[in-house]
Amino acid sequence: VERKLRMGMVGDAPIHRMATALDGKIELACGAFSSDPSRSLEVGRELFLPADRVYGTFGEMLASEAALPPGERMDFVTIAAPTDVHFPAAMGAVERGFPVVCERPLTTDLTDAKALAAVVKRSGVLFALAHRDSGYSMVKQARAMVREHELGPIRRVVVEFPDGWMSTLLETAPHKQEAWLTDPSRAGAGRGSALSGIGTDALHLAEYVTRLRVEQVSAETPLYPGRQLLDDASVLLRLNAGAHGILWASEACVGDETGLAIRVCGRNGSLAWCQRDPGSLRVIRAHRPAQDFRAGAAYLSESALKHTRVPAGPPEGAIEALANLYASFATALRTKLAVGSVVKPDFLTVDEGVRGLAFVEAVVKNSRGDVKWTRMS
Amino acid sequence: VERKLRMGMVGDAPIHRMATALDGKIELACGAFSSDPSRSLEVGRELFLPADRVYGTFGEMLASEAALPPGERMDFVTIAAPTDVHFPAAMGAVERGFPVVCERPLTTDLTDAKALAAVVKRSGVLFALAHRDSGYSMVKQARAMVREHELGPIRRVVVEFPDGWMSTLLETAPHKQEAWLTDPSRAGAGRGSALSGIGTDALHLAEYVTRLRVEQVSAETPLYPGRQLLDDASVLLRLNAGAHGILWASEACVGDETGLAIRVCGRNGSLAWCQRDPGSLRVIRAHRPAQDFRAGAAYLSESALKHTRVPAGPPEGAIEALANLYASFATALRTKLAVGSVVKPDFLTVDEGVRGLAFVEAVVKNSRGDVKWTRMS
Amino acid sequence: VERKLRMGMVGDAPIHRMATALDGKIELACGAFSSDPSRSLEVGRELFLPADRVYGTFGEMLASEAALPPGERMDFVTIAAPTDVHFPAAMGAVERGFPVVCERPLTTDLTDAKALAAVVKRSGVLFALAHRDSGYSMVKQARAMVREHELGPIRRVVVEFPDGWMSTLLETAPHKQEAWLTDPSRAGAGRGSALSGIGTDALHLAEYVTRLRVEQVSAETPLYPGRQLLDDASVLLRLNAGAHGILWASEACVGDETGLAIRVCGRNGSLAWCQRDPGSLRVIRAHRPAQDFRAGAAYLSESALKHTRVPAGPPEGAIEALANLYASFATALRTKLAVGSVVKPDFLTVDEGVRGLAFVEAVVKNSRGDVKWTRMS
Amino acid sequence: VERKLRMGMVGDAPIHRMATALDGKIELACGAFSSDPSRSLEVGRELFLPADRVYGTFGEMLASEAALPPGERMDFVTIAAPTDVHFPAAMGAVERGFPVVCERPLTTDLTDAKALAAVVKRSGVLFALAHRDSGYSMVKQARAMVREHELGPIRRVVVEFPDGWMSTLLETAPHKQEAWLTDPSRAGAGRGSALSGIGTDALHLAEYVTRLRVEQVSAETPLYPGRQLLDDASVLLRLNAGAHGILWASEACVGDETGLAIRVCGRNGSLAWCQRDPGSLRVIRAHRPAQDFRAGAAYLSESALKHTRVPAGPPEGAIEALANLYASFATALRTKLAVGSVVKPDFLTVDEGVRGLAFVEAVVKNSRGDVKWTRMS
């Protein structure tokens, strides 16, 4: 289509709006920004949206947009609301044929996730899981190097996500807008942010980079005094192809800030990346000095270079990473609109969303029992 | 105005387009993207602009836009073309009353710069110098801490900008689009990128953070074999209030990448910032452990917090820094449109543009003579 | 005693000789440097030792030295030979009343370790486990801050020891001198360097800093193709006082170099230290900028300052850390020689040596079974 | 000689004692540790020296030791006393034929330095300038890489030595032992620690690594209120072979700690080293990822590997660097005792000592005048 793609938004997620605006290929067309209709209208006004494209509920939005002529209605919907909204909003969108970008975790439990995936597959709509971290250009470089066997067979992966955002009690603290995160009935029964949020971020990053699958987990999920949700998850991993690993995520690490980091070790080499310095990838080959690969440099893989906006040097960050996901999604969507089908896209899909929930369930089950290993269903 | 501000663009500068799109408060309305009209049209088409708002020359754009009714024509113009275009384009815009955001260096020589500044002042239009680095939130934190006397009287500033982008001969290398940078007749007689480009970036950063003014310079500007422009500038600085410093910039540092960094030392404390890790500010008070201030943290100054988009943790980068400049510019412009005047804005103006050229001239003059110190005129 | 203390050495360990020589309070008096008597003599000659104080076996050394008059014979013995030598040499020394500094692991199995500990206690001789890492001044700072409750109750500890020293096959590679490390019959049945060596280093560091005790472990110890010993150990930890943690050690991390690192998180703050930059300790209190504590700075604890040799600034390293252990040992020994008893010394003892073996046994047992948690006996 | 070399010491310098003790090839034989004889005796007692080898003055020591038989008297003397003592002590030692290791700066002025150098040359005794930094193994690696033309022709060197040790007024502060450093009559007229101390350290490091010579300087040496000595020196450098550079040193950088760092840029590559992380050398070749060379790694040059004591990984520091100087000195001395002459030794000599004073004089002269460049005499 010779115009910007039109996005509808469920929830109020500035980082998604910034990421979609960045490249000038997507425009915000409509939104149901809040479960409070007057708040939704206020957000719409701040965004200079026409009032008739601002809705009080996602149901209203889906119905009204579907009724608009094809050249006017939204081309896809981004769902970035509290987790309990994901399932009904995504189901509604998919059933009406709207492509979806959905925040993680996909749903509040595995049953819903599988049901949603089944519908997505049957309908054939494009569906992306909004996993920002796989959008960083140097994460793509890491993935490309694994594919090219530059590390040899993978032996070991350590992925960690220390965070201190909730290290003081959210329940009594000022993050009002995020209160739902600590309410198990809204964020997902039996699972808290350290597991279903940043824990699945870590899982997806590990699988995206190594191209392996976690098969079994052995876990500990401590609950600290006064907390309702699991703050920490420490997980031993068995992956396919004989690889092993550790994954841990914690919201109780005072002073840490979204410290997502991954280290992958193969027989012939290792690599390390962390979100705090996202434009660097440390690569080591045996008996050689460690190398510092830098975003935008001409020696990078095609997939890494394609996802850089600024000529080598000036730093890029999280918004650009998410924008890379949207760029891939937009390309796939345009292709589909043009030719009707899409080859394997470079973003996570509803399948990874299901894997995330399966991981959460396996970890929770394992950590409550006495059996050493639990298989991801 | 209850709508997005409309930007016109002279030149083809994706980073400016991304920075302006980020916050959803500015939209690209028109452009003269190239001195080649067909290329300009092609860019406009890729950006989904209507063909009648894409122009073959900046002169055509200024004339045509000025002829549109106020509610339709562009609200301001961004000039991000080769340096020799800055002066005529900016003069034309200002004379027609269009506010301007202009890339650095302001003009190719000091005479033009002063002439432009005089016209800007007479006309009263808003004019911003596009100095991205002063837009980083932690640079604003540094400036705020100096204002609050947290370092005591400033003794010393060291600012450096090592870069390797041109460390191989651009004249014979593949950066075709930037060929004008190495042509003295287009980039400015007697001055090359290491001085008028990243050298003035360093000057502006030093003055922005310390709130001091460079008064005298003593400099060396080596010319390496086979080069047409000055690759390096090493400058001793005397600032007001008894402060001293060093500024150096180099395009010949193999392997460095826009390594802009500043260290400021006062009687009671020091601070350090570098572009490679822009979300950190290292602060040291005498006899205390060094502190690592982080972007987005609640303990920061108001000015630093106001310029952060992502909750503490995920990294922001150069695009966000430039977007901060545009956010300040847009706020000032809306205020001016509403109430007719603006209080001291938080961006560099045509005055700093003139200072940049004065610095370039003083450094070139000093480095060619035998006198120790040269005063900035 | 108004003279240097005299050390005897079993094995050929230059780093122990350097560490003891550093402070001028200990001198090498004699040694059984090799199981090959002619090699032992050669080492003795290079060290300018008189030939009659160089022995062919540790048994000969213990017997001969014990026969010398008190003012002449060695004051203590350092055992830094292959692990299978530790038990007989240490038993022999203790039985003759010689104080001992013994490399880790204490013995090849837990039974021997307990037997040795019983004899040490009965005899009352001073006995130090040569755990170098607890000798770093900033590790002592970390321990002091935990004691002063600066982090609040400890929630979580992550300790890791990635190493690539054996990432290529030692069995076929040129590290001849260390061949015994990969021979289970000499290094300890069922345990390899990644567990009994650097794994116990990590255990001791975690317990030394946190002042907690590991009570239960859940572990995975992969065996990679072609290897005889365990290269990796990944261990979930339950410590006393409700703390949790992760410990991992690996000799198969291509390109890593003794990357020992620890992070401790309490309710009110966190700290982090790594061996690669041993003079720094990162300390974070909630809602405050992270602090970089530096070795030798006046704001440090008494225990940290006491173990620094160079005025603040120039780096110290591993030799100085081990020298700190010897300095504490020498002080304790002089006190004991003077007044007959010693208060709690600042070095690890035979008890920690036993704990190390208990940890190894628990990890090996757990990793071979299907039960989730194994208690350290 | 089949024994340890015997060192005499003028002054009380623990770091020199530790560095010489480290390798077991040198022993402290005698000393004049203080200008206060009772303090000298006390130091000698703490070091377990026989009372008849502890002297009240260096003159007494030189005379008495010279009178001892060759097999008993000291083999060389280390001079590590206040700067005004260097000249008479070194002259006395050289005249009696004692080899010398002398702290920097060599003397308090250039005239003395030249006089001393003349006598050293005439006498033919071994003479080392105690420049610790050229002893770091990775500095030797840097020098080796320049020799092998790995960077191509050198264009640019930036060497800096920020330090905050004296950032509060030493004159009124507790560093009593170092009071002489701020007394111009003892530390050298017209020059303070930031120039003759760490400033010459920086000069020597730059010349040692690049194998170039500074030929001309242009400098600024600010004097801050209330200070007697120059705290800062900022110097533009012209070196031979068309290279340029910047050198700066400051004792007034609050919070910095012996932050010696060097960056060298050639046509084909760059390298960077800093004392804070002495075991790393960052090397960049054009269009290739930066490499992190690590101390002790098998891929290093012979000269770097020869000066490492600990197998790759555990950090080494400043004491080991100084020990490397002594190891080279001891090897040269043994060779000379054996065969009568020495080939080019790997340590700085009296010639570099003279260069240091020539640099100090040129910088002071230049900074007080209006002429741009001053040639080093």
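Going by the order they are written in, the chains are A, B, C and D; count residues from 1 in each one.
Operating definition for what follows: contacts are C-beta pairs under 8 Å (C-beta built on N, C-alpha and C of every residue); 3 or more make two chains touch, one makes a residue touch a chain.
These numbers come from a predicted model, not from an experiment.
Of the two chain pairs examined here, A-B and A-D, the one linked by more C-beta pairs in contact is A-B. Ranking every chain by how far its Cα centroid lies from the centroid of subunit C, the top place goes to B. Separation between the centroids of subunit B and subunit D, computed from CA atoms only, is 43 Å. Inter-chain spacing, taken between the CA centroids of subunit A and subunit B, is 35 Å. Rounded to a whole number, the gap between the C-alpha centres of subunit A and subunit D is 55 angstrom.
Among the residues of subunit B, those touching two or more other chains are numbered 287-288, 290, 294. The touching residues of subunit B, counted against subunit C in their complex, run 283, 287-294, 297-299. Within the complex formed with subunit D, the residues of subunit C that make contact are 2-4, 14-15, 17-18, 21-24, 28, 47-48, 132, 163, 165, 257-259, 275-279, 294, 309-320.
Only residues 151, 155-156, 158, 160, 162, 164, 167-168, 218-220, 222, 224, 232, 234, 236, 238, 242, 244-246, 248, 250, 252-256, 263, 265-270, 284-288, 290, 369-373 of subunit A touch subunit C when the two sit together in their complex.
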